[in-house]
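You will see subunit A twice below: alongside subunit B first, and alongside subunit C after that.
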Partner chain A sequence: MSSLALRESAPAADTTPGAAQGFPRRRRTALVPTVTLLLGAVYCLLPVAWVVIASTKSGSELFSTFTFLPGSGFTENLSDLNAYRDGVYWQWMGNSALYAVAGALLSAAVSACAGYALAVYRFRGREAMFNVLLAGVLMPPVILAVPQYLLLAQAGLTDSYLSVLLPQILSPYGVYLARVYAAAAVPADVVEAGRMDGASEWRIFTRIALPMMVPGLVTVFLFQFVAIWNNFLLPYIMLSDDEKFPITLGLYTLLEQGANTPALYTLVVTGAFLAVFPLVALFLVVQRFWSLDLLSGAVKS
Partner chain B sequence: MRTAPYAFLLPAALLFALFFALPIGYALWLSFRKVRVSGLGLGSGARTEVWAGLENYTTAFTDSELLSGALRVLGYGAIVVPVMLGLALLFALMLDSERVRLAPLTRLAIFLPYAVPGVVAALLWGFLYLPDVSPFYFVLDRLGLPQPDLLDGGPLYLALSNIAVWGGTGFNMIVIYTSLRSIPAEVYEAAKLDGAGPLQIALRIKIPMVAPSLVLTFFFSIIATLQVFNEPTTLKPLTNSVSTTWSPLMKVYQDAFGKGDIHAAAAQATIIAVVTLLLSFGFLRAANRRQKQEAAR
Partner chain C sequence: MPHTKHRRLVATAVAVTLGATALAACGSEDDEARSGPVSLTYWTWAPGMDKVVDLWNKGPGKKERISVTVKKQASGDTLVTKILTAHKAGEAPDLVQAEYQALPTLVSNDALADISGEVGDAKAAFTEGVWQQTTLGTDAVYAVPQDIGPMMFYYRADLFEKYGLDVPATWDEFAETARALKKKAPEVDLTTFSANDSGLFAGLAQQAGAKWWTTEGEKWKVGIDDAATRKVAEFWGGLVKEGAIDNQPMYTPAWNKALNTGKQIAWVSAVWAPGTLTTAAPDTAGKWAMAPLPQWSGGENVTGSWGGSSTGVTTDSDDKEAAAKFAAWLNTDAEALNALAEESGVYPAATAAQTSGAFAEPPEYFSHQKDFWSKAAEVAATTAPSAWGPNVNVAYTAFKDAFGAAAKNKSDFTAALAAMQDATVADLEKQGFEVAR
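Moving on, here comes the complex of A and B:
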């Protein structure tokens, strides 16, 4: 497969700047990675390209015309989606945005406090607390979600916005990242200098440390934003009122109904297309001043 | 000063207690209880909760549906984890190679599926697996070849695995790539002077040096794979071959909310959690020597 791909894009490689005629061997080495990455990119973009095109197909075109042939029904699909149950689709989008923004902001705040404490102070039980928090990462969501549902039911909180929001605030990975960034970005002598000046611990944290931790906290925010936006299991278990559904659950119920009413499939496809947009746009915008590498805990760069 | 760190940790500790520790404890408690129904089960006193000992666990261990669900997920994981991490490593090495073109663009494209919710990813691929929609069937049809059902039998595993690989490769690629970039350039110089090619440098130097991040991605991939729920649940409306108990987690959901037997569900969830922890820590232990290098950094 790779040798075929090599031959196909060989002419393009001749225009590579600096790929002088005298170094055929070096030019070849740059070709393999480029072509491999391009194939990977095509694979990853394929379903996205499909949903963009499929959202333009009318109900009959969706199952009859060639996969990547654009259709003629985009505006109609859009108005159908807007009309579906008085625009409940946009309610789902709004709910997803609410859950994700509020949850991720709170998560970043909680992680900042905890990560700062774990990185800057020496105190009894520090490592024990950190390890216990990290162990939370390993807990299967379902062993948490089922009893969370039963406990929240006893508190009368199921089927509410809070039932989806509250369990998603604490992110063990967020605390871990915040600790790594605080340890790297907040020098001990700066904290010490603040104490010499008589500033309170809280003031040192908010005025000195927090601004230094901002790039790391943006990462925690984004990580948790994506986690909440993509979450399905928790709202699936917690919610029954579809006015409170996030977009993932809303689209799922739409697909489920589509099994009996195929006319809904065009709505599902158009809805999926619009649901892919916000996060992709978020990443493209954020990309300019934030590096993907931060997501894996890289502190240099 | 002395109380400050505890005050900073208070919100996290409270949330942990309420939404992690308490539910886990409650699930354990429930797993050792059962409902006893007296008479016809009608009236307020007819259903009482009593101690069950290990009964729920023995039932779960002899439950053939749970066992076959576990086997299905193991088969699925045996495809997903190696393929996904193999591709992630391959792409990371390619990004890190010299004189590669279009790297930022392709890196972003490969990372893009991370921003697509699992349910939406399963939905997109689910449609692309349907005979009337798929380009795959279109090509087979034109060539006059037989057209297998992608959503049944063996191909179903591949179809589900593909969704997970598509969604997870980019994130793991970034983790491995970040760790590749932290290798100082001097490390390669000596190898280059010795005449090592890019392939040899990748195999002999780069891969061993990023072993800690490979261990980490492996660890989290195992955990995520054993808990697969969203993708098969989303494909369910599109095919009859995904049952409501296809994966163990789906069975837990079904028992808890479909049958309303929270005690059986709690016992199964506990078993899944313990098996997940055993498998993932077993793996970590096997890779322990590598892990120590990372801790030293």
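Moving on, here comes the complex of A and C:
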């Protein structure tokens, strides 16, 4: 992580060697933007650096040694975390992955269908539906958690994997994004041409429109993935069995153990550190699709 | 308070806060004799509780054909919200762990069942003051006490000797000790006044004789701004203002460091302090000692409580009798209590368990103070009665806001107390309770 940070911020510090190859002459560094960006980077990366360093400290070092002095307890912390209640941490990690991957995939699929339909078809109530959706974008999902719980309780689905997955599949923001993207990326002429050639609507959607929408859907997937990975309140209310907890909830139970037992800070810090990796890996992998997105936009306009 | 009046009070509260749905939900109690095996779920935050429950499932539970499943939760106010949400859907677990100050909230929302019929015999195992918290002063019993947090005074024995200080027996001596220390070592503080855990202040007020929530007929009476609490607030506010003690919040890395390096040499805390000190000040193990809390006047011997919880049976449980049986076993059976102490680090509410088994040896951090647990048991017996109401969480939040600011600015603590009183009364009225002025 720290090496990542270095690699990203180092080029910005001087006149970037990469850019020097692209441009014929060395340009002077713009001081104000560089300093501003550096400050921003420090602001964002300092807490990450803290987690990285704190995870290497043993329990007695955590609060007593200098904040940014690496400690000696990383392997011990790892094995403690691994041993805590027979490795329940990895169960939480697996649960988080399940919720986030399945939820984000399904959410992207639903957003694709709904967004495409809203963008391409003209039907009565389309605008009204879209406006309701926009209102949904403005509504923080947090306030829906309790009503959703009561609803799922009626269906007898609480304290199950489905209870966390289902409410997160429909994302108003995802549908909104998919519609805007479909309207821009799928030309009406192409859809019309498909119809002329006798393709069914479903075939036009899956074979022609969907590939064009991929960069937008990647964005939806990514947003939903991060949102679900970081979600706290919904699983907190829905789940009572800690074997089904995602990582956020699991770490919270380590912190709030009641007054009799002190919080397991070292485990929580190490656990939080490890929990960042899947997100970083995801962003590194998906970055390619994102730059594709930017490129295609640049070529078109 | 007469039984009927309280029931009516509760019923009114329920009708107002939840409407008819809750009443309909709890109308479906089935008291049929049980034929098959029963399985119960138990929400608790105590670590290692699954191992304690295993003892039940393999022993008495097997005989009675009652099996219990632990679902581990995070402690705190959010759990109360979660229980109430689940209760609205009729899906609350059979058994819940609840802090004493949360019981009135749970009872006024009709989430906890009256189990006086099943656990009445357990009363003898506890002191009057502890048991009274689970009855809310009625004939009903809403929970079985599990652990308690009697308050004590912890100090660095070595540094007290170095600075030539005596362990204060009264709060006046406590103030003098703080001032004397400031003179001898200006950079060292006796302790800090922290506003980030309301339980501490509530316990100190309780020791002074405050009763924050009482009932008057069918009305709640809020006594947060009463004479006893004002005395406590003025005392600590005065010490902060003159700079005799620190005003930094506790549980922060800075606080840990202050304890670990001897910049703060005492802590007003409760029986669970050894665990906290182990992580906060690891380098000073063996240097601390425990004494009873300073008193307000010479001959007195009372303490407050900070923390502690109980096991309650919810109104949603299909088999309250079985659940109550388990709750009584968990908190009164010698084997169970010993396991609770060893696996979960619980300081038991049951008096017999406070000096037996797991409490024969002092905690590791206090290994030199051989009589740690017998002294703790003596202190626990002097716990003043407490008086909780249905919106403790609101009062606690108001405390953190008002006193946090007052401690930081070294301003008037009594004004903060008045703000806390007003916020609590306003919230009670907003919730539809009648409040006596």
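Quick notes on this structure:
Convention: the second predicted complex is superposed on the first by the 251 of 301 C-alpha atoms of A that agree within 3 Å, B and C clash if a C-alpha of one lies under 4 Å from a C-alpha of the other, contacts with A are read in each partner's own complex, and residues count from 1 in each chain.
What we mean here is this: a residue touches a chain if its C-beta (ideal position, glycine included) is under 8 Å from a C-beta of that chain, and two chains touch if they have at least 3 such contacts.
Remember, predicted model here, so these are calculated numbers, not experimental data.
Subunit B and subunit C, once both complexes are superposed via subunit A, clash.
Of the two partner chains placed around the shared chain by superposition, subunit B and subunit C are both touched by A:252. By the touch criterion defined above, A:132 lies against subunit B but remains apart from subunit C after alignment on the C-alpha atoms of chain A.
The partner that reaches more residues of subunit A, of the two candidates subunit B and subunit C, is B. In the superposition on chain A, A:153 contacts subunit C only, with no contact to subunit B. Of the two partner chains placed by the overlay, only subunit B lies in contact with A:269; subunit C stays clear of it. With both structures placed on the common chain, the touch criterion links A:241 to subunit C but leaves subunit B unconnected. When the two complexes are overlaid on their common chain A, residue A:59 makes contact with subunit C while staying clear of subunit B. Of the two partner chains placed by the overlay, neither subunit B nor subunit C lies in contact with A:91. Of the two partner chains, subunit B is the only one touched by A:116; subunit C is not. Comparing 7-15, 43-51 or 205-213 from subunit B against subunit C in the aligned model shows that the clashing stretch is 43-51.
Note: residues 63-64, 67, 146, 150, 236-237, 249, 252, 255-256, 258-259, 265 of subunit A belong to the subunit B contact set and to the subunit C contact set alike, using the contact criterion stated above. Those residues of subunit A lying in contact with subunit C across their complex are 59-60, 63-64, 67, 146, 149-150, 153-154, 158-159, 236-237, 240-242, 249, 252-253, 255-263, 265. Subunit B makes touch with subunit A in their complex at residues 1-2, 4-6, 8-9, 11-13, 15-16, 18-20, 22-24, 26-27, 30, 87, 90-91, 93-95, 97-103, 105-121, 123-125, 127-128, 130, 132-135, 138, 166, 169-171, 174-175, 177-179, 181-182, 197-198, 213, 223, 226-227, 229-230, 233-234, 237-238, 249, 252-253, 256-257, 262, 265-266, 269-270, 272-273, 276-277, 280.
Across the complex, subunit A is touched by residues 41, 43, 45-47, 71-76, 78, 82, 85-86, 88-91, 93, 147, 149, 199, 253, 256-257, 260-261, 270, 272, 275-276, 278-280, 282-283, 306-309, 344-347 of subunit C.
Per the touch definition, subunit A reaches subunit B in the complex via residues 16, 18-19, 26, 29-30, 32-34, 36-38, 40-41, 43-45, 47-48, 50-51, 54, 62-64, 66-68, 109-111, 113-114, 116-118, 120-121, 123, 126, 129, 132-133, 136, 138-144, 146-148, 150-151, 166-167, 169-170, 175, 195, 201-202, 205, 226, 229-230, 232-233, 236-237, 247-249, 251-252, 255-256, 258-259, 265, 268-269, 272, 275-276, 279-280, 282-284, 287, 292-293, 295-298, 300-301.
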